[in-house]
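In what follows, a structure is listed as structure tokens, so that the remarks can point back to it.
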Amino acid sequence: MTEINGYQQSDDENHIEVVDLPTLGEEAQKVIPTGGFGYISGGSENDWTEKVNQQAFTHKQIVPRVLSGVDNPSTETSLLGIDTSMPILMTPLAAHGLAHSQGEKDTAKGAAAAGTIMSSSTYSTFSIQDIAAVGNGAPQFFQLYLSKNWDINEAWLSTAVKSGVKAIILTADATVGGYREADIINNFKFPMPMANLENISKNSQNGQGTGIKEIFASAAQKITPDDIKRIADFTKLPVFVKGIQSPEDAMLAIGGGAAGVWISNHGGRQLNGGPASFDVLPAIAKAVGGRVPVIFDSGIRRGSDVFKALASGADMVAIGRPVIYGLALGGAPAVEDVFNHLNMELKTVMQLAGTKNIAEVKEALMTSFNY
Amino acid sequence: MTEINGYQQSDDENHIEVVDLPTLGEEAQKVIPTGGFGYISGGSENDWTEKVNQQAFTHKQIVPRVLSGVDNPSTETSLLGIDTSMPILMTPLAAHGLAHSQGEKDTAKGAAAAGTIMSSSTYSTFSIQDIAAVGNGAPQFFQLYLSKNWDINEAWLSTAVKSGVKAIILTADATVGGYREADIINNFKFPMPMANLENISKNSQNGQGTGIKEIFASAAQKITPDDIKRIADFTKLPVFVKGIQSPEDAMLAIGGGAAGVWISNHGGRQLNGGPASFDVLPAIAKAVGGRVPVIFDSGIRRGSDVFKALASGADMVAIGRPVIYGLALGGAPAVEDVFNHLNMELKTVMQLAGTKNIAEVKEALMTSFNY
Amino acid sequence: MTEINGYQQSDDENHIEVVDLPTLGEEAQKVIPTGGFGYISGGSENDWTEKVNQQAFTHKQIVPRVLSGVDNPSTETSLLGIDTSMPILMTPLAAHGLAHSQGEKDTAKGAAAAGTIMSSSTYSTFSIQDIAAVGNGAPQFFQLYLSKNWDINEAWLSTAVKSGVKAIILTADATVGGYREADIINNFKFPMPMANLENISKNSQNGQGTGIKEIFASAAQKITPDDIKRIADFTKLPVFVKGIQSPEDAMLAIGGGAAGVWISNHGGRQLNGGPASFDVLPAIAKAVGGRVPVIFDSGIRRGSDVFKALASGADMVAIGRPVIYGLALGGAPAVEDVFNHLNMELKTVMQLAGTKNIAEVKEALMTSFNY
Amino acid sequence: MTEINGYQQSDDENHIEVVDLPTLGEEAQKVIPTGGFGYISGGSENDWTEKVNQQAFTHKQIVPRVLSGVDNPSTETSLLGIDTSMPILMTPLAAHGLAHSQGEKDTAKGAAAAGTIMSSSTYSTFSIQDIAAVGNGAPQFFQLYLSKNWDINEAWLSTAVKSGVKAIILTADATVGGYREADIINNFKFPMPMANLENISKNSQNGQGTGIKEIFASAAQKITPDDIKRIADFTKLPVFVKGIQSPEDAMLAIGGGAAGVWISNHGGRQLNGGPASFDVLPAIAKAVGGRVPVIFDSGIRRGSDVFKALASGADMVAIGRPVIYGLALGGAPAVEDVFNHLNMELKTVMQLAGTKNIAEVKEALMTSFNY
């Protein structure tokens, strides 16, 4: 273990046996200090939306298909011209240092080893450059929490472009922090600085010793379609708008120049009392109608969840907490294991659903019985 | 603690840290004697309606909205020309002395400090005048349990008018007491008198040593639209009819001269086996069609609940039990904290739902998935 | 306590304080021996239908009505020209001696004292004559489990007619015993004889030392509309057909000459996996269309349940187990208490629903939200 | 007990008292070693589909029917010209030796004694010939896990034909093993060889010491309608396609020459996240439209479940786990008891539903209330 300001970080580097993603959290809770674990795992208010995010996958059922002559289905796909081994990528999530001393550097290594895309957060423990450096050219996205100060935004974006990121993810659902009770109860403050705040913005606040609410307070509250255009023009990179939960906002984002729609309710950490992310997916995907790719996150824990999201209109899905739990349990090798395990589950489901590739998954038969 | 006839009343006066309203009850239960807590918290029969009142808010979901360019949304609103800091007011509730030695006087102070409206009950521990005296002109409503004796009604209403109340709330859903099992089990009798009964009616019954069932028995059982008119004519004040649960009764009340419709099922304390108050709100609001303001209560515990009620047609919401729990925990300052906490939650939700003021909340997008 | 063949019977005769009907069972379980309690309380198979019988009342909700000018509503009604104090009567149930040494004699006294109708079972502990003798002319019905031997049927019916019963209840849903697991697990055999078997049929089997399954085996399995006619012709009494759960069977019974339809699923003791009795009521009542009275039983525990059944088309409801629990706890006075308590709950609901008599209850407004 | 490679097998041969099928598992768990019990009882992933398989039977309800003049209903039926005592047969299930030293030989004896059909699995503990030998000509089906090597398939099928089996069941839903977590957690490997692998395929793998996943890996993943035709042509026997969960696949199978459709989701052991088998039954039966017989399995535990499946379009149902639990508790006599108990429950339900034979069950009235 490594200690930073009294906070214990794992520094294990080993493969793990993943039985399933839901139980990873229980294991990780033994390793991650209480405040950090509360921050990572918690939702907002009474966690209702966080819970229904997972429950909602039962609203649709995959029909087992037989006599389809499928074997060894392929999970390979591509996003914006980037080929990946699986339709699963890393969602941006702040402060991986809460789980492991190597933080996002290890997450990036693990994602690259698994053959998929890393997304790093503005509020990462390590800097954009440092994270990019470990990837050996593996694809990475940079997630932007828009600052009120455009000089800072431009500094971050310049660094991201120079570091070779393939796309910018503009998080639009966090113009204020959700009411996260676990952080209130634990009186949680980040024990370590956030490198991008420290290195680039040069202001006194680097995140250390403050809560997420205070950090969000320095971010822009007003975000409009113009911001998408400004970021795209500045970076010449595709911009995903993350946090979309309605067809209306999906179209607004596309109208503003978004190169992709990222459906997410922030893992139930922002607006509690909102619908499960999976339930709003079909209507949004239908409205988008193939104009741009659709990424889906919030609640994915099983291969069957991935399948259902793709069959409901997503082009790719993202996961977050389970990867961080893996990170705490074994660093980069374990991150790789988490992605590979979920993909193995997906591949099993694909075979049993008679679908030989991701294109067929997207056309698969589902039922909607009530349980 | 203050003791009155063997009953312990809190006399704390301090701000409290409110994590959320639902957990306030657990804290308050440690402070309020069993009989009093049972009376305040209990529903009727097996508490079914009381429970579904809260569950029903999950029947609708708020859609997080992004790219809306909102910051620092305003919760200010007005009701019958009265400006308030928030769309949340105090519901009338009997015998605040069960929770605190200063009873309604402290509740009124706290509501005023939070910038909103106090409603006091006919069956308050302190008198109309005493409660009015602490408000420094802050807006107050007086709730009337109609007596069979109109001399008494006129005495109460005259006092209310002289005391400067802004509206009369005619409670119409309590022509007989609901079957409240907690009171039966605890053999609960009010340990202290009710000042309005004592000071004004001059009859022997002042509430002390009797149960709510006996007190209701002296109230009028027959209430008709004519009573609304009689009260309005006598007081020249706007009259809300409280306890409306159907479009039919809303229209009957308006036809009878009501200046406002107060949707409530008495917090599930009267007719158990009735629908959740939130579920009947949309049809009633549609029927009312803006003719008069609509107040909603029964089950509000979260900022998201307030938002959902407003977005379903309410103009303002009222809360009761959580305020009384705050009162027990810290008197007037804690009452203020309860209102401000709930309003903070509301404000967070408003920002995340992309709504900059109450008028926009009323037009907000919601979904209706089943969970 | 009285002991009969090693089985302990209560012989208490006292009024009881009834908090509510559901908790009576818990009290009675302390008094009634295990085998007897299992027989009385159990359903069939895994008790699913028995459980949903009660749950189903939540499928409809009573709308509180205000401004209706009602006070002191009347629960008086009549059935086939018999005036009763309440729309609640005693359902036929075998072997009251399992609960109390005075068995059906006390149940009949209690029902009479409460102003309502007693129904006694073919398989009663005491004889038709003995039960009739205690009633002082209070109305009683006799329930017939059709024997394969019509000589026996005619003997029973003659006795019933001579004893002055007002109607015959032909139970049609028990042509074979339901699979009652509690009796299997407890290896339950009736500890005392059944007087009608002993006195009238003169065969060796009097029920003592046998299980309900064996007793049903001696009853007729084939029951047809002709049997209704034969019973009616023989007795010149109105015949209810009990155990109706479909509009089809209701019409078949009426076509066969039934003077009343008794909707029941035998308290979930016969066909497990069938619908809740309350859920099938509206369609049956609509099909019957007022041709004959409709009695409803299975699951009634609350005044609100009674109200909902009447508002869904029943003319009267019947209760069973809660009365037997009362019988065990205090004999005839407690039986009276159980009826009066339930009627008090009903009266409270009627007032709060703005209905001044049973005719208005039958027209009352209900909602159908899902909880 | 018999010990094989350190694994304890029951060798009891005795009748058992069956209270109901669900509780048999609890008893059997005391007798079957952990790894074996996990293999038999487990589903896949988080067992969701396995659980809803049983829950789904509550989606329909059997209407008790009276006045129908039925007594002593007959459960006799026939399938493909084979007369059986009941509409319940044995589903194919691997490795009965996990439960009892006599494995499938005892299961076959018990099924024959109960008057119904035995199905044996490719992966049976005993060989096709040995199982066939105990039946004294009682009807048996052989289930085929298609090998990649058609020489092996033909060897198995030749043996089956020579052994006199009446039909081939082609399992089409297991082209890869479901993700069975119980086996992962228990690190389960089969302790004894599978005779058909050992005797016929002559390859080194006989199942012993390997998991089900590895065994499935040697089976064919690609299965197409052509395989049905090839099997039928080779054996001249009727071929059921097992694992159908959609009308589309049912028609595909019939188009390919299937003589019967076997609706099953493999007891929730393959594609977790799929619908309950009972929920897909009606649409499939409707599509099949009587062209070929429909067998239904997955979740049957009660006589009422059998009734509901038949009334929803199945011609016969199959059960698996409960029989294996009986096998562990008493060998062949107990297997017979399990079938007879379930049939007794069915017969009770048939009488109470007013249906005198299986043809009438198939036309029976059901309701679809939500609970």
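Letters A, B, C and D mark the chains as written, and numbering starts fresh at 1 in each.
The criterion applied here is as follows: a residue touches a chain if its C-beta (ideal position, glycine included) is under 8 Å from a C-beta of that chain, and two chains touch if they have at least 3 such contacts.
Values in this document were obtained by computation on a predicted structure and should not be read as measured data.
Among the other chains, A has the CA centre that is most remote from the centre of subunit C. Although subunit C and subunit D share one sequence, what matters here is the overlap of their interface residues, and that overlap falls short of half of the numbers used.
Taking each chain's centre as the average of its CA atoms, subunit A and subunit C sit 60 Å apart.
Taking each chain's centre as the mean of its C-alpha atoms, subunit B lies 43 Å from subunit C.
Those residues of subunit A in touch with two or more other chains are numbered 370.
Taken as a contact graph, with one node per protein chain and an edge wherever two chains touch, the assembly forms a single closed ring in which every chain touches exactly two others. Of all residues in subunit A, only 19-20, 22, 57-58, 61-72, 302-305, 307-308, 344-345, 348-349, 351-353, 365, 367, 369-371 touch subunit D in the complex they form. Residue ranges on subunit A touching subunit B, taken from their complex, read 45-46, 48-49, 52, 55-56, 59, 172-173, 175-179, 181, 184-185, 221-225, 227-228, 241, 243-246, 248-249, 252-253, 256, 265, 270-276, 279-280, 370.
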